[in-house]
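Before I ask anything, here is the structure I am working with.
Chain lettering (A, B, C and D) follows the sequence in which the chains are written, and residue indices restart at 1 in each chain.
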């Protein structure tokens, strides 16, 4: 928990909202439009923060606490990731479970807040969110198991840090598979195109957007920032697995990481522009397919 | 000397009651019965404290096996007598003299069987128990109990005749062997040089003969009828004490066979009979609709378990001995409770009895507790003994036997639970009004229940030591 | 802890299949548990009261609320301060399992730190939120109905509709039977193991038993034949076993 | 002395077959009585020297099996007012054949069995034959009284086998056995009496009310 190691998360906190911007920008460029500026999210956040909040009469303290818990859990989850490729600010054996637990806590709070409004749209969104999570989480775990087998270390900083670099020559194939399935999980968890279309305004097709329909003002700001941070977290996972940075010096490793994040955001944009939304009943098959990839990786590891 | 008194006292009083005209008429000399029961129990406990040498030239002697059965019989007899006090007020038997006389004759016969070391005397005692109980089974003098008595008499007599043949086979096996003929210690001592062919035949005939008395399948067919039709306290005494005496007969001959090193010959037969009994019990308990017949089949099941324990050897012998005591007490308890139900509602059939918890709170509670005891669930003693037998099954390399036993026990549990809970719970029959249960009727079962519960939790030192010695005598080991 | 045991257990090659399977199963269970509790809390407690009974609902007497509150408090303390609870539990575990407590010591201290960090995060977020919304007084309004004129409680998501997308892929394996009619849609849970396995087995056993009943038909001579049969089988055994006379 | 014993044994087998063949109850009882008498003589003939034990055993057997029981059974018949044995379940000819088969089987088995020490070759086969015939009568006859007769024949068979061990089984026990048999049959007689009163016929096949 040295002060030095807090610098990287600080930078991450600043950079995070830019990622959705990059994704939307790449999408609009590829579809021949200028699209909103990359920093659009910063302006939105700034606008929302200065606005007042409107609370529905049916909501209780659960609705107000929702955004808080989402943000707090994501910030704490970020502390576990080894940004400089060597050690995370906080790490202990088995913090993988803490990481996924925090993500689940954030999701739970969001879903309850959504249900609290009592509107059928939020209910629908909550139900879909939970369904997708039920299929995404096992896949995520399969990826982590593959990493544990490859690196033999139980903590995230170990999995994604130095031992991973050492493991690359030995089980490169496994790590590529894990990277691919992590990318699929990223798309599902952050409600990107194949699973959910962030740009749509048709409530019946939304998943993530529809849960936050009733939030306003600073609450909405916190949630948007949280989802951006979540996208950043998953991107870090993908980048750390695919790009071993243990060998580089600390500042250089962080720079490489942020470059990687940008690439991932571009990749998300590319995927958004090339693919259409999957029917909701097909999404579990996508996730199970990703899980199969990770499982295959594990089998490779076991050879 | 005490051995003689134990065996002779009840007989003398029985003859007194039957002979002296003063006892004519319906009144049952309960005070006399209670006195005999208490005296008998006092003498038996004195045997526990101070051992007694053999008397009558070695024919009567106390050994761990005999002592266990004797104590069990004595305790059950005392409990049945206390129960009779309450029972007689409600349903006085047609002839008090015959009732008391036969009960005491039974006690004498059972004592002779437990103390006999001369196998022919054991046979005579066994035959006497059969005949002394027959009039008791016929107490109600109606058509159904007549049929039950007739079947009981004929099948038991055939069984006993086979046992007599077995005893003579044993005698001929001992023709040119030193030692007093048919006296157990000598038999066991020179077991190795007994004639193997005659010894094997003797073992088989004695097993089938006494097996019929125990109610092992396929010779069990008289049991449901007899226990179903006899008054509950008589069925309780039969299921508890009489079957234990019959098991003692089988145990005696197993002792000789194990000493002669024919264990590999004897064990498959014992296991076969045991499993068959469990199977038959399971099959007939499922659709059973009458409580007493259900307990009869449960008795067949437990007899099967006893013989299985002997057959499996090792710690199974100890399991059997402990199960013998547990089974005796729990059967007594369950039959007396069923007796209360019959007294209150007039029938032991499940159809006629509903919601007993409301009409007979204490008895219904005892009934449900009894269900758990008899099906061998913890914390009751039967769980301990059945667990020991299962351990023996696994220990002696027959895990599949343990699996089969568990399967049957599970089926039996479901069958019994269906019937008992059906009777205890639910809406009581419209006409049934809560019945005031007299203390006499409830004291007995409660005492037995406490004993079974205690055995489940803690086995007192002297009892454990006696059971262990009995187990080693039977060729097994103490746990 | 369980995960940790699983993952460390998995490092040996032979138990890996078990570890993978159980880890995935645990993850799935975790997610499904989240879905289930979200459904329960959401449908029952949150949103508009769905019928007159619900709206008239009052908080029960203190005696009823205190115990659950106490227990919940205990759970939270164990979660946040495992240092106090885990080591003694481990010693008992070691006693029972007879094995060593292994490397679980580290996890307890770390998870206490983690709990502290999480609490700090929550406080920070709450403070941030208070600072941001200090200027404006929050207004009250109806839930945004996306153009719906008058949303009624009946339109809110019900438990079965909440669980429908989740149960579709799992199908009847999940032990629920959905009835869809023109007017209504409802799911009824049934216990797949009990209904499909235990009861048919029991009916089969009972049918077999009733077929065997005739052997107790009541004829005395038949009973005697049983005894005779027993004697004969025993004699046959004697002959076969007697061979090595 | 030996051939006299053999003669008696043959007579015993004959009485067995007679009981199997007769239809009238009273002749069955006479058969049993004669068998009892024969059995009473046997210990005297068999025993090497006339010991008190043999004599008392013989006298006891005669009293119980030849006099007391038949008298008692006759009394039971008098009330029943039925003389004729209804067609046995297996049929008369079949039971005769079964009886003959039993005798043959008995002799076959006794050859294979290791013989006890007595010089009497005939004793064991006859006892086994009587035992089997007793069992046949017991299982095939309808009348309750005939079943008692069957049981008695069974008992006689075993008693015969017991004679091979006269010295090993002390007298007191023999007396005990006799007493038990007597009391057994006595109680059976009472039950038969009640059956007769209850069902006003001795047909035991009526007794099928208790089923599961």
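In the analysis below, a contact is a pair of C-beta atoms (placed from the backbone, for glycine too) under 8 Å apart; a residue touches a chain by one contact, two chains touch by 3 or more.
The structure presented is a predicted model; accordingly, all values stated were derived computationally and were not measured.
Visitor: Could you work out which chain's C-alpha centre is the most distant one from the centre of subunit D?
Guide: A
Visitor: Could you quickly compare B-C and C-D and let me know which has more C-beta contacts?
Guide: By number of C-beta pairs in contact, B-C is the larger.
Visitor: In whole angstrom, what separates the CA-based centres of subunit B and subunit C?
Guide: 46
Visitor: Measuring centre to centre with CA averages, how many angstrom lie between subunit A and subunit D?
Guide: That pair's centroid distance is 97 Å.
Visitor: Measuring centre to centre with CA averages, how many angstrom lie between subunit C and subunit D?
Guide: 71
Visitor: What whole-Å value do you get for the distance between subunit B and subunit D if each is reduced to the mean of its CA atoms?
Guide: 31
Visitor: Could you pull out the residues of subunit D that touch at least 2 other chains?
Guide: 135, 138, 147, 204, 207-210, 212
Visitor: Two-or-more-chain contact residues of subunit A, please, as numbers and ranges.
Guide: None at all.
Visitor: Mark out which residues of subunit C touch at least two other chains, giving numbers and ranges.
Guide: If we look for residues of subunit C contacting two or more partner chains, we find 213, 216, 220, 224.
Visitor: Given which chains touch which, is the overall layout a line, a ring, a star, complete, or other?
Guide: Other.
Visitor: Going by the contact rule set out above, which residues of subunit B touch subunit D in the complex?
Guide: So the residues of subunit B touching subunit D come out as 118, 120-121, 123-124, 127-128, 130-131, 134-135, 138, 141, 143-144, 146-151, 153-154, 157-158, 161, 164-165, 168, 171-172, 174-176, 181-182, 195, 197-198, 224-225, 228-229, 284, 288, 293.
Visitor: Going by the contact rule at the top, pick out the subunit C residues touching subunit B in the complex.
Guide: Residues 202, 205-206, 208-210, 212-213, 215-216, 220, 223-224, 226-227, 229-231, 234-235, 237-238, 241-242, 245.
Visitor: In their shared complex, at which residues does subunit D touch subunit B?
Guide: 113-114, 116-117, 131, 135, 138, 144, 147, 151, 154-155, 158, 161-162, 164-165, 167-169, 173, 176-177, 179-180, 183-184, 187-188, 191, 194-195, 198-199, 204, 207-210, 212
Visitor: Okay, in this complex, where on subunit D does subunit C touch?
Guide: Interface residues on subunit D, with respect to subunit C: 89, 135, 138-140, 147, 204-205, 207-212.
Visitor: Quick check: in the complex, which residue numbers of subunit C touch subunit A?
Guide: Touch residues, subunit C against subunit A: 1, 3-4, 7-8, 10-11, 13, 16, 19-20, 23-24, 26-28, 30-32, 34-35, 37-39, 41-43, 46-48, 103, 106-107, 110-111, 113-114, 117-118, 121-122, 124-126, 128-129, 132-133, 135-146, 151, 153, 155-157, 161-166, 168-169.
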